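Following: one structure in structure tokens, then a few remarks.
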Amino acid sequence: MVNTDLHLIISGFGGKMGKCIRALLEGTPTHVYDAHHCVGDCLRPLVWVDFSSSDAFDQMLENVRRAQCPLVMGTTGLSKAQMRQLVQLSKGQVVVYDSNFSVGANILKKLAYQAGMALKDFSVTIFEAHHGTKKDQPSGTAKSLRQVLLSGQPRQIPILSLRGGGIRGEHAVIFSGMDEILSLKHEVLDRKVFAQGALYAIEWIIQKKPSHGLYNMQDVLEA
Amino acid sequence: MVNTDLHLIISGFGGKMGKCIRALLEGTPTHVYDAHHCVGDCLRPLVWVDFSSSDAFDQMLENVRRAQCPLVMGTTGLSKAQMRQLVQLSKGQVVVYDSNFSVGANILKKLAYQAGMALKDFSVTIFEAHHGTKKDQPSGTAKSLRQVLLSGQPRQIPILSLRGGGIRGEHAVIFSGMDEILSLKHEVLDRKVFAQGALYAIEWIIQKKPSHGLYNMQDVLEA
Amino acid sequence: MVNTDLHLIISGFGGKMGKCIRALLEGTPTHVYDAHHCVGDCLRPLVWVDFSSSDAFDQMLENVRRAQCPLVMGTTGLSKAQMRQLVQLSKGQVVVYDSNFSVGANILKKLAYQAGMALKDFSVTIFEAHHGTKKDQPSGTAKSLRQVLLSGQPRQIPILSLRGGGIRGEHAVIFSGMDEILSLKHEVLDRKVFAQGALYAIEWIIQKKPSHGLYNMQDVLEA
Amino acid sequence: MVNTDLHLIISGFGGKMGKCIRALLEGTPTHVYDAHHCVGDCLRPLVWVDFSSSDAFDQMLENVRRAQCPLVMGTTGLSKAQMRQLVQLSKGQVVVYDSNFSVGANILKKLAYQAGMALKDFSVTIFEAHHGTKKDQPSGTAKSLRQVLLSGQPRQIPILSLRGGGIRGEHAVIFSGMDEILSLKHEVLDRKVFAQGALYAIEWIIQKKPSHGLYNMQDVLEA
């Protein structure tokens, strides 16, 4: 992190992602606060970071609005109403929201879109694999991949979900033609890849200083 | 084929498998007859070969019973009643029946059973991929793989099916543990691998000469 | 093929690719001639097609120059001197030359370039697998993939080559990061995918009618 | 660990494996000592554990001989002379030595042997992938896989090694036939799988109580 005075407030401070972000920042001059313990007076956070749960959405949103600071958010499973509120918030504040903060998954998305446009008569299947305790199925990233592919070419795109053991996270898009197959695959080796991506987003927000708007990791990575 | 006087009657003579078996036998001394054109008088077939359809089952069974010859059969999608009739037939005649005649798929089955016994606390998933025009889903081989795995250790085993393009046929068994994954995969490059397996079964029947009984490719390959 | 009067002369008429191209054209109004049997008088070919061998290069080049027609060429293993002669020819005639005419492999090349530019600090490895009787190692496509990747970002890119059985042809590019892996893979199910690509190139040459220049499948596919 | 009085001495106490074994034992009644700090007086260790380096072999061996206790050892890269000394030691003490303590890799070895015996006319290739900082190439496990395969059927078995990023460790055996491919793959998600395997070996030694002999993980797992 370039900014020595950086103050982060984290919703989901004790969760997997919260822990991982803090681990990456250990030994840096960045200050990290638990959103739970600073209801109003942690003061002048530069960035609010939310990797909590959709249940805590209302409270978080209210706090961010009051703090008038940028938001980097990766909480999935939002309802449509919550999604609308987030869009509303982004009209006054800058928000980076994505279901997957890893660099590789975002490149996968971009390449899959292009392959989909070039292989219009191929069958497309999405495959995703995660650890046995993951609750949602299919994954948010798989759904977002499907959306991206459908934006280029309408067709049926089944999602196959495997759940088992400790699989970190894998997404593949398989383009099956009559005589050839093209497949694009992203595998996570360590969850800190998501935390690292969140730090990229934080850095982007601070340096680029957009005053408002809803962005995602594609925007961050294109910079 | 070792036997120079070999006469085969094929049900499903004009189908994919029928054609493929005939192509492999071209230039050999083996005689091949279409079951449709020899209702009774093609005379002394050494082996009846059935790769037709479950709709034609009754007629085929009746013919084989009359011919009193061994049967090598790969027709899938049999009803329970048909399966019982086949078992009945095998009490007087020898039958080799399997949903997959490839050597590799049968080894996969054997190895998957052993891995399943050794990795009892792993999640197990079966993945299978076939061309977009395949009708049944999951494949017969996938179901038979699951049965084999369950015979060793009861557990939930989901089957993920991909259909697309011209995929020849792929089956994989994935054992997911907390810290490691073992996966066993069989891919078909050319459908003639099934025809070749059927020829192995024919050879086995002729040389081993069991007078009756229901066998499968495991029995053939163990010889 | 749209053009009813299309005449093709094929060098490598009896080879794998020659046979495959002819099979795809069976029943169409396109006329196909064996280069061996028409030394000068097969007359007014619209397109010369070369899938022969680098040994036959000189004769082929001479014939194409005299015929003054477009050339679609997929023969690999050319020497540098031969490559220069081809460039020279393309100053007066139009040439489409590529080491791999499949649509999928060309998309792989394009996507791999982009991924390479986005993942500059990842290790890159190329993996290719082909049947056990393939002579050159690594494959022409693997070498061309490496060249494309290096044009964007200089680094070491090892190529791993597997040779065995009847593998139709597989190319993969693996981008390994500390915490994630992105891999792009193309598999051939049937060699007719190359013949189909050659037909696309022929169609492109006829319709676009460039009078000269050296093109490849990327140019054809972008049209 | 079942045994409440268990005392372990670890050579390579501060290395990756040493740390990982200690982490797994945290909160258990097992006592763990650093071999460096107990030259003679750590007293009555039940088991000596060595995951150090071949450079430290002589000292370690001397200490174990004096301690007269069982040895569980995973240090690779031993010279032939060192290997002979280890065999010699095992005539008086019990030794479990393996290049890979994970359960899955050992099952891979067993299944690969069987597949190799059943598919004698297939080409066999070993593929292994590890992080970019791994020093030896090919991996010890790959070499041991090849040895096992060759013990059943002599043939050429190339090993393809990929090195890059943070790959935890992957080994695959690919059997390529003319019309089908069988592949067996083991992937490590977390290195603690090796530490867990070492604990299985320790438990096996304590419960089975062989007085001497050289064993490996196959022996441990068959129990």
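Order as written gives the chain letters A, B, C and D; numbering starts at 1 within each chain.
Convention: contacts are C-beta pairs under 8 Å (C-beta built on N, C-alpha and C of every residue); 3 or more make two chains touch, one makes a residue touch a chain.
Note that the coordinates shown come from a computational prediction; the quantities given were computed from them, not determined experimentally.
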{"item": "B-C against A-B, pair bridged by the larger set of C-beta contacts", "value": "A-B"}
{"item": "Reference chain B; chain at largest CA-centroid distance", "value": "A"}
{"item": "Distance between chain centroids, defined by C-alpha means - chain B, chain C (Å)", "value": "39"}
{"item": "For chain A paired with chain B, centre-to-centre distance based on mean C-alpha positions, whole Å", "value": "47"}
{"item": "Residues within chain B bordering two or more other chains", "value": "165-167, 177-181, 189-190"}
{"item": "Topology of the chain contact graph, where touching chains are joined (line, ring, star, complete, other)", "value": "complete"}
{"item": "Interfacial residue positions of chain B with respect to chain C in the complex", "value": "165-168, 189-190"}
{"item": "Contacting residues of chain C [partner chain D, same complex]", "value": "122-125, 127, 129, 132, 158, 160-167, 174, 176-181"}
{"item": "Complex contact set, residues of chain D against chain B", "value": "102-105, 107-108, 110-111, 114-115, 118-119, 175, 177-190, 192-193, 196, 221"}
